[in-house]
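Notes for the one structure printed next.
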Amino acid sequence: MNGQKIANLLTILFLIGGLVLVGFFMVVNWSTFTQELSHGGTTITGGIVAFVVTFLVLILVTFVISFLKWILNREQKVEIEKKNLAGKSKAEKSTHKKVTGSVEENHELIAVLTAAIHASNKMIAPHDTFKIFKVREMITSSSSWRIFSKDDLSGVGG
Amino acid sequence: MNGQKIANLLTILFLIGGLVLVGFFMVVNWSTFTQELSHGGTTITGGIVAFVVTFLVLILVTFVISFLKWILNREQKVEIEKKNLAGKSKAEKSTHKKVTGSVEENHELIAVLTAAIHASNKMIAPHDTFKIFKVREMITSSSSWRIFSKDDLSGVGG
Amino acid sequence: MNGQKIANLLTILFLIGGLVLVGFFMVVNWSTFTQELSHGGTTITGGIVAFVVTFLVLILVTFVISFLKWILNREQKVEIEKKNLAGKSKAEKSTHKKVTGSVEENHELIAVLTAAIHASNKMIAPHDTFKIFKVREMITSSSSWRIFSKDDLSGVGG
Amino acid sequence: MEFINGLLGVFESSGFVAMNWPSIIMILVGFVLLFLAIKYQFEPLLLIPIAIGCILVNLPLSTIGDVHHGFLGQIFSVLTATEILPIIMFLCLGALTDFTPLLSRPITFILGAAAQFGVFMALFLAIGFGFSPQESAAIAIIGGADGPTSIFLATKMAPQLIGAISVAAYSYMSLVPMILPPVIRALTTEEERKIKMETPKPVSKTTKILFPIVVSIVVGLILPSAIPLIGMLMAGNLIRESGVVERLSKTLQNELVNIATIFLGLTVGSTMVAGQFLVPETLKIILLGLIAFAFGAAGGTLMGKLMCKLSGGKINPMIGAAGVSAVPMSARTVQIEGQRYDKSNYLLMSAMGPNVAGVIGTAVAAGVFLALFH
Amino acid sequence: MEFINGLLGVFESSGFVAMNWPSIIMILVGFVLLFLAIKYQFEPLLLIPIAIGCILVNLPLSTIGDVHHGFLGQIFSVLTATEILPIIMFLCLGALTDFTPLLSRPITFILGAAAQFGVFMALFLAIGFGFSPQESAAIAIIGGADGPTSIFLATKMAPQLIGAISVAAYSYMSLVPMILPPVIRALTTEEERKIKMETPKPVSKTTKILFPIVVSIVVGLILPSAIPLIGMLMAGNLIRESGVVERLSKTLQNELVNIATIFLGLTVGSTMVAGQFLVPETLKIILLGLIAFAFGAAGGTLMGKLMCKLSGGKINPMIGAAGVSAVPMSARTVQIEGQRYDKSNYLLMSAMGPNVAGVIGTAVAAGVFLALFH
Amino acid sequence: MEFINGLLGVFESSGFVAMNWPSIIMILVGFVLLFLAIKYQFEPLLLIPIAIGCILVNLPLSTIGDVHHGFLGQIFSVLTATEILPIIMFLCLGALTDFTPLLSRPITFILGAAAQFGVFMALFLAIGFGFSPQESAAIAIIGGADGPTSIFLATKMAPQLIGAISVAAYSYMSLVPMILPPVIRALTTEEERKIKMETPKPVSKTTKILFPIVVSIVVGLILPSAIPLIGMLMAGNLIRESGVVERLSKTLQNELVNIATIFLGLTVGSTMVAGQFLVPETLKIILLGLIAFAFGAAGGTLMGKLMCKLSGGKINPMIGAAGVSAVPMSARTVQIEGQRYDKSNYLLMSAMGPNVAGVIGTAVAAGVFLALFH
């Protein structure tokens, strides 16, 4: 535990040292350099602008993603409620709520992780589960390099 | 049924309209334009030449394919007959004739389609049936990137 | 057997004929040509230099490979002896010696060839045994395009 | 101050400042293509990459399409504008195509030829609409319903129209199940549509091997300008049918065609810059494409009727409409149309004959256009 | 005599005559990289090809790196210096990345953003060390822990440093399991490290399809210079998530990324000629890379602490450190660190959110650098 | 009138008008190669693409081989003439080769060296036949029985002979089962042919990893001109044996080698234009190739006899003939020859040692030729 404390102290010293160094450089550069950038500032200012712009963009993206998800979830909910009104049983409704609810159940965890493992396996060893053409794709679409499909012939001889 | 008739009528009108339009353009262009093509005709004439040449070539290809098939079939038949003369049973001969005959039998249909489905599946999901090296290929040929083959070693330890 | 003797004779005549022809060309060229090469000799001399250099390099490579193997084997042996000293049973030691010994046993032959067939099959039809990620690789290394691994999640839900 | 100026500089070089309606419309066109491709599976293999290329190149101030420095522009100029990618597609398509149904009944090749009628109708109309002979030929070939042929010819004859032509070609190929049935119904009687056909017989391996060799020699001799198209299509087919180089055949049918598709789609999409795409010509091309498809189906069907008569009712005229390639969509449409009247009618394999014949027919037409108009 | 002269000529044109210490050192550097890659599996997919390229180009009198006649030099100038291979890597990475954990909890995107703090610390230090703005930006991006982004920016901004930057980037990515833990431990309390998090929920297919489209539009509008990076990354992801072009997606994830990796690695390695690599700048770059990684982890962790506070202890601050991409190594390191204190704590999926967000964050930072410094 | 003129114009620009005997003969040569490749499986992976290229380029008025506009010509000038495709083949061959049998018994490397005797016999004869030193070297290397080495050297030293050299090299490689046995029988006694050999032992992973590194360093130092060949061959082998980048190794062994083979074959075939191929030199090359193969087998066998003597009868001299690479055909021929006298004699694995050694031997010879004659 003592060793861990020393390690933590060293790490913090390293980080603070870095910050101090950067601060020092920034002050020196600001007062000394006149190196002009294309957009009309010194390099250090350019760096600060880059810093600010990067984080503004990333925060904006965060908002956009959150908004996108919120919109889509709301639509989904509205749809589900409509469906429920249209005669679905109460039981089904409550089941659905359970799944989207926030109570962390062990069963649910296992299910999600199993799905994740499955998905990851699929990604890792694609050839095992590689089926180039899905059934739906075969029925409704075409592409210039598919000649026959199982579906086209599935009724034959039966 | 009435709806279908109306649709048919509209389609035919669309097609006739197109033909009339093309006829009109051709007459107008022929009398007006002097746009010369590289081979010494106006554009419209060029188009007609293209039309004629394309169909002549395609008809020629049809003949060539038909001729090719006819030749190969004849050779095959001659071969089969030779074989038959060389002692094959009458029964076998008649079976063969049945298969190449034109009577459409349900069994035959099923067999051919099964073969087609099988062939198409092979094409659609090649990895399932992918065997890079055939036995015959291994025995009689070589290629700079095959090191061993099962056949070379198949007698070992048996 | 007589046919074989004639074939052998013809082959040897063909080879001797070739050698005589080459000798003749070399003498003629040496005395006649003055065709200079970039490195300051006639073509024939250049060819002889090429011959000598090629074989010197290849003999050197032979020595280097042999030396490499000798070094690695010695290290391995030292390691094995150390292990044996560190308490391994006599029986195990003798088994090991048997395997590296030079007595050709039928069982050994079969084992090695089986391994070779297995190795060759793996090479020939990679997709069957294709596992992109090894367990060890997953644990100790990373790469920018692997998202999850089975190992990361293997303890979950158990 | 400097800091504020820097921020302003970033804003001034952002896309918001250069925003303009044409670009916005093109991005929306990209969205529509994505929607159709993902939701309704309109030829997604090509239209998704095309749509992505279209969106990225039309974002204001985007340089991705620049032929000297942009990613897509460089690939376009080296691989697409030189016709290398379209011809690689031909090579792969050859390896993907099974000509057995055609070889089993060689006479159906005529139906694939007749379906090229639409190409020539569109040619004359395009000339009438004021397009140059070269542009007219590139537009007309849309009626062949073969994407790579259209891209190939557009690249050679009318590079400024490549985006519009590709989008029209692939869109109508997706719409084949909607375009073919009305034409078929208007031109055939119910009795004709109910005709059952024998399933094509298997053909010998020798025939399948000799077919690509003979076709490329015959067509290549008559039309040297068609050698890259027909020659490479047949080369791929020979590699497939030879049976001794399966590993090359499989690579053509999978990895190589996939890689070529991605880059062909992205680079074709990157040519859809607003200034070139949002012109009246694009609308004309879309109209001409529809006419070409309809007359192609009509030409094939009418030739089918003729062959039905001559053969004493052995040929279902509908399979002629499958000469509008869009492999294998047209053949499947004919199959569905046939089963509408008789559930026990399996026309698919018979319709595949004219279907693959149409690919060769269109390539020949393209070769003739190159010989005459290039 | 002639014969002896010939032999001498061969010896005089052999590498022994031109042997020099810098070349020997570079070959040894290649050996060290090979050893680390093979024995300790330091990013072997990139470092083995890089090491091979480095060794072959530094053998005395080797011409393999010559841009006009050499094998690797020609490929470098056509495919790498033009940024084509790095951007193809982005396309493939998009197809390989599953953004579900991020979309399940969008707020964790902020953690991926905060981890870019290291990039900017390294930027200011590099300027202070005397590097030009362009070089500083290329070096700083090492802190993003994304190899292709580093290679891309180095190619555009500081081609003479591409070897050193690549080696530093991939080496530190391999060292993530050693760099992250001390920073995490120094900046968090044991209670914080023990926080359990809900596993991310699956998200709808529509969300996954719209995500790449929206991100490329938003970022592309603000930063046109980021379009090749973000646009192609998102293109690959759209091809993956669309669900209708699985064969293209699989080719991107396998054959194309493998081929691109081999040639990118070999050609990047071939830039590591002694004269350019054995300079004091290389040591500075290695130091700056370490600082960038450490501050990236610190930035992410501190933002994690803030979010932990604001959320009332629902967020484990450690997952912020996973914003240093090195996908998926950082997330796995966080998982292991979490299990050190509580075996039943599974943070992996939660850490994947900031992890993939960091990829986008670094690409945005690279786009900003291009807009400001290029 | 106009219409008739148009038709005549098409006819006049057709291949019939430009038909000539040399082209017809070349097309027939293509047919013969196709026949041998498909019917008797003469190296079909290379000879089918070569034959296709040959036929398409020799169709009268074909422009497919034009280096500025033709499909095959453009690919040839960018990928083959620059040696990129041949060297990619080396990279892939390295990944496909298992050097274990050689490493298990390093002394058999000498047999692979001795088989290069045929190369030098052919060199002197070619000089005597009046070929330039560069041409002679390119022709001589046929005797190495390694296709890509032959194409590589021909590209660099005698581009005008590349077609004839490639065809000769691959044809004789196919004929190895007919060329080797008479030479073996003429030079060995039946007792020698009956000698049984121990099966090579497995070697350690470390040996397999160090082998490619050491060979490329040693050969690269002595012969800088051999670096592209030996370096990339060994690079592929290192990627294979490192064990940590299996996905790269598999891509090299499958997709990349297949794609490279198709385009290398097609473009090499496209150089076989009548004017360059139908010359007396081609016949000389075919004769010299046979001599080179025969003397290669003789050199290997005689060295095998010497080693047999020195080892006290432990080495079967026949395995020396397998030093004529044509991997793995020569080794298999030796195996069959051995079993002709004793069914229980398994020489295959022992013969693989000289067989793969011959690949390195030929690459070294090519490097020496480049150093001396280029």
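Per-chain numbering from 1; labels A, B, C, D, E and F assigned in written order.
We adopt the following convention: a residue touches a chain if its C-beta (ideal position, glycine included) is under 8 Å from a C-beta of that chain, and two chains touch if they have at least 3 such contacts.
Given the structure is predicted, the values throughout are model-derived calculations rather than measurements.
With every chain reduced to the mean of its CA atoms, the largest distance from subunit D is reached by C.
The interface at C-E recurs elsewhere; of B-F, A-E or B-D, the pair that shares more than half of its residue-numbered contact pairs is B-F.
A rotation of 120 degrees, rounded to a multiple of 5, brings the CA atoms of subunit A into register with those of subunit B. Separation between the centroids of subunit B and subunit E, computed from CA atoms only, is 51 Å. Centroids built from CA atoms put subunit C at 49 Å from subunit B. Between subunit D and subunit E the centroid-to-centroid distance comes to 40 Å (mean Cα coordinates, whole Å). In subunit F, the residues that touch at least two other chains are 6, 9-10, 13, 41, 44-45, 96, 98, 222-223, 243-244, 247, 250, 253-255, 346, 368, 371-372.
The set of subunit C residues touching two or more other chains comprises 37-39, 46, 49, 53, 109, 113, 116, 119, 123, 127, 130-132, 137, 141, 146-149, 153, 156.
Put simply, subunit A touches subunit D in their complex at residues 37, 39-42, 45-46, 48-49, 52-53, 136-137, 140-149, 152-153, 155-156.
Listed in rising order, the residues of subunit D touching subunit A in the complex are 2-3, 5-7, 9-10, 13, 40-46, 92-93, 96-98, 146-148, 173-174, 176, 253, 257, 325-329, 332, 335, 343, 346, 348, 352, 356. Of all residues in subunit B, those touching subunit D in their complex are 4, 7-12, 14-15, 18-19, 21-22, 24-26, 28-29, 35, 37-39, 43-44, 46-47, 49-51, 53-55, 57-62, 64-66, 68-69, 72, 76, 100, 102, 104, 109, 112-113, 115-116, 119-120, 123, 126, 130-132, 134, 137, 141.
Per the touch definition, subunit D reaches subunit B in the complex via residues 96, 98, 100, 102-103, 106-107, 109-110, 112-113, 116, 120-121, 123-125, 127-128, 133, 136-137, 182-183, 185-187, 196, 198-204, 206-207, 210-211, 214-215, 218-219, 222-223, 244, 246-247, 250, 253-254, 291, 294-295, 298, 346, 349, 360-361, 364-365, 368-369, 371-373. Those residues of subunit E that touch subunit F in the shared complex are 6, 9-10, 13-16, 19, 27, 31, 34, 37-38, 41, 44-45, 48-49, 52, 55-56, 59-64, 70-71, 74-75, 254-255, 258-259, 261-262, 266.
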